[in-house]
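Here chain A shows up in two complexes: once beside chain B, once beside chain C.
Now for the complex of A and B:
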């Protein structure tokens, strides 16, 4: 595998999402984050996830998204596993089945579904934002919002460094494999990570010198070559979003977050399948990782 | 007498995942002990080609055999004991706390015994003049020395085939001369060497054979003299022969009846007063 890309970065394009002002997208991501973490009905969150997936597909970023998901899935599987046997819920828990030393609880299945769907849907939405926003535009937007110059610079530079480091990592892995390094396992860690860090430090040092020599940090007002305008569409969308958020939070308030943990009773086989699935998924992903690094 | 073929490609094609078609049907056979220069403009596919010879890249279609092993069916760590690939930038591989540990890494990976490793490290350090730096941290060394450590770390693995990608880039004249001397030594030890380089002086001086890549295809294959004497080919690929060769051609200087390839040959030719017809 020569182009291992684990963390999403900007994917050039001209889709609807690409054309939106970063401000609009940031408000959407924050709004989605707040909403999703107050909703307690897994079905509603699932519906939201489906919408996000459709948006990702529509903005031609699905391939990059899928690759980044690989990093998230082991965490999700781990979460499902632990929630089912030890739910983050007030006791008493309702047992559904027993598998060896593990007792699977109804509340566990419920909270596993809610938590994992929350994480996946918000992470997907955030990835969509990163994949469709040109780093320079993010910088301009942060400045527009009054974020200090240095911090805006740090954030956008870090985001841009990620794909570069990934590329370096690939070269380093092949250099070490040429010296017959065992491609997986703990022994492969040091030989691959040290050159990446050494390279990154060197790169950052050089960049800071380049910046200094181009008067980074000089006082006075800075202008920007890339101009970003909020269009009518952006203003309309932001106003609509705020109205919608108020409505959603009112609904969430009177319905207590659509908590259905008492009504949703899962059949025991479903709990067992989910539980075993999380174990198999967790190790499956690890094996897949190892194989990808190897070839 | 048929020569022993050590590397062979048959109708080799390689397309990167991005869709760039970097090799389009390369047929090539390299015999044991040949010193082959790979030249061509940037982006012509040189690196892509030689990365197939230790299994770093696998053919999209066609076959590559290294010592009779089909690279599709073998892992890199298996092929790399036969074919050592020296990366252009040494910083991409140096990780150990000392030059010694850096040199031990490869031999240990291919399962040499402790005594063998010690012997290989000693030979490599001696060969490259690194004895005094064995306990230094590689990152404290100058770039040319780091590059030398990179080459030595492959030499320590004792591969029969050496692949050098741009070995003189970033080196000063003296160090570049050392690379040339190193290749000569590898040749004396009976190894097969592939050199990807823009350094035509190095190619002219060291290689027994030169292949020319252009637009993902192999369009030239011959002795350095044949290649550098082929104006049409060089013009097409925008390559220039070494200055000394050009000058000798201009003034009709001859060395044993042929145009001199190196400064040494030219000097000898002048001393003997040998001229073309």
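Now for the complex of A and C:
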């Protein structure tokens, strides 16, 4: 309970990804975001996701990642459900099966796969970035790029605030439990949200006062205790990434984003399984969350 | 002190300072006037709610810049108005230690916490390492560099906050009840550290504190606040000898002074100026009861 981890934050380590300069990683995340959102073939996106998972495993951040992914899953299941019955595709849709009031469409299954894989893979890559980047380094990098102080501050602080909010949540749940309030399941979660946010506002206020008192964001040259340098490896990787991105976008252009929505025909049972799976998955995750809070 | 002060410019000049929090009906500070000269060690004494924190926060511009409310009067730090200079620039002159230690730790490691201020001042890497080492040694946290501040005890967190402010070598260090979570020995240590900074580096120190014994021993000057008003401002020997005023405000004098005061009331012949520290008391009271 006390180390209930909902959202990923920095995981200290010395892996390859930890050692890369944040600039390199930011370019990768932005590149992946663009690429994945133009690719329309679920198989390619799936392959990309597998690569990301391997990288996460190699960075020793898989446990934290898995915990944060839990938060994303209800959204994914919801997305699959709605896409199958009402695809984000131009009509006419090809019906595959009928389940009570719901008609399941082939285009729906296709777009459900593409959209959910896109979200999962990009989110995973972004999480990998957050988990392997020291928040202070992110701030330094953003300032180096000329991002305004306020925006750099907002981004960095938000990431740093996550563990604080988690702690606050646990304190409030314990306090409610010690006052004999129901402290398990979702009914306990709801009344604690308001105090958590009220507490969070106070925290942020105090935090900004502290940071300003330490001359954070003041004028003049800045130094860093963390010797943050763009290595030869970083420069090489950035150049290679840019070349690769140009290549990828050329391929995407001539292949029209590998759109296979017309070729891929899904069998009706697959659509039904996916559809029911999304409903079961959605509620399953909720039950799992509720049980985790209980323990 | 007074002789040299005449020649020096005050480093802090508070003129008619009043402040009312946006959510409050009454003013937290009413018409405060005082000056502090470079190298002074000033203690602010008062009950909870007397305005100590408000006064401390005014000294680097957090009030009125980051706290909503109505401010009147001026607060000048080295001639610069706290209304005009952003807190982050003022931080180069005024170091600040807040009263709740946990909230003021923002970094992932103890080392990073102390480094934060130094990074923002642009201190070169090598010197940064020396200063961090020094600051952590002074507050007794050496060897914990890689620890997360969240895993420290309350007292350790408070000392870390002091180290972080101190390492920036500010000309003025303002501390708002920095020893509330410390045990008696820890308190003593903090006060000794502050005295050393004051004597050796000539750092001006303004500290809000409850503990009268330590104030009597270390401070050059005591300012007493009561419900937002400045009641007294003077050297501790003078302030603490006014036992009536102090007890009327619900505060305490050092026990040795109280002791002398009560004896005097019973008709004992004691010096006009009562001692305020234990050492002084031993000198002044010896012989009072007669020797065996």
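Please note the rule applied: the second predicted complex is superposed on the first by the 269 of 295 C-alpha atoms of A that agree within 3 Å, B and C clash if a C-alpha of one lies under 4 Å from a C-alpha of the other, contacts with A are read in each partner's own complex, and residues count from 1 in each chain.
Operating definition for what follows: a residue touches a chain if its C-beta (ideal position, glycine included) is under 8 Å from a C-beta of that chain, and two chains touch if they have at least 3 such contacts.
Bear in mind that the values here come from a model prediction, so they are computed numbers and not experimental data.
Once the two complexes are laid over each other on the shared chain, residue contacts for A:135 go to chain C alone; chain B is not touched.
Judged by the touch definition given at the top, the superposed model places A:275 against neither chain B nor chain C. Within the superposed three-chain model, A:160 lies in touch with chain C and out of touch with chain B [touch as defined at top]. Of the two partner chains, neither chain B nor chain C is touched by A:65. In the superposition on chain A, contact of A:209 is made with chain C only, not with chain B. Touch criterion not met for A:266: it reaches neither chain B nor chain C. Of the two partner chains placed by superposition, only chain C is touched by A:222; chain B is not. Contacts of A:191 after superposition on the shared chain: chain B is touched, whereas chain C is not. In the superposed model, more residues of chain A are touched by C than by the other of chain B and chain C.
Note: no residue of chain A belongs to the chain B contact set and to the chain C contact set alike, using the contact criterion stated above.
Against chain B, in their complex, chain A makes its touches with residues 2-3, 168, 171-172, 174-183, 190-195, 198-199, 202, 294. By the touch criterion stated above, chain C contacts chain A in their complex at residues 57, 60, 62, 66, 86-89, 91-92, 94-96, 98, 100, 103-108, 111-112, 115-125, 128-129, 132, 150, 164-165, 168. On the chain A side of its complex with chain C, the touching residues are 10, 12, 134-136, 160, 163, 167, 203, 205-227. On the side of chain B, the complex with chain A involves touching residues 16-18, 51, 54, 56-57, 75-77, 80-81, 84-85, 87, 89, 91-96, 105-106, 109-110, 139, 153-154, 157.
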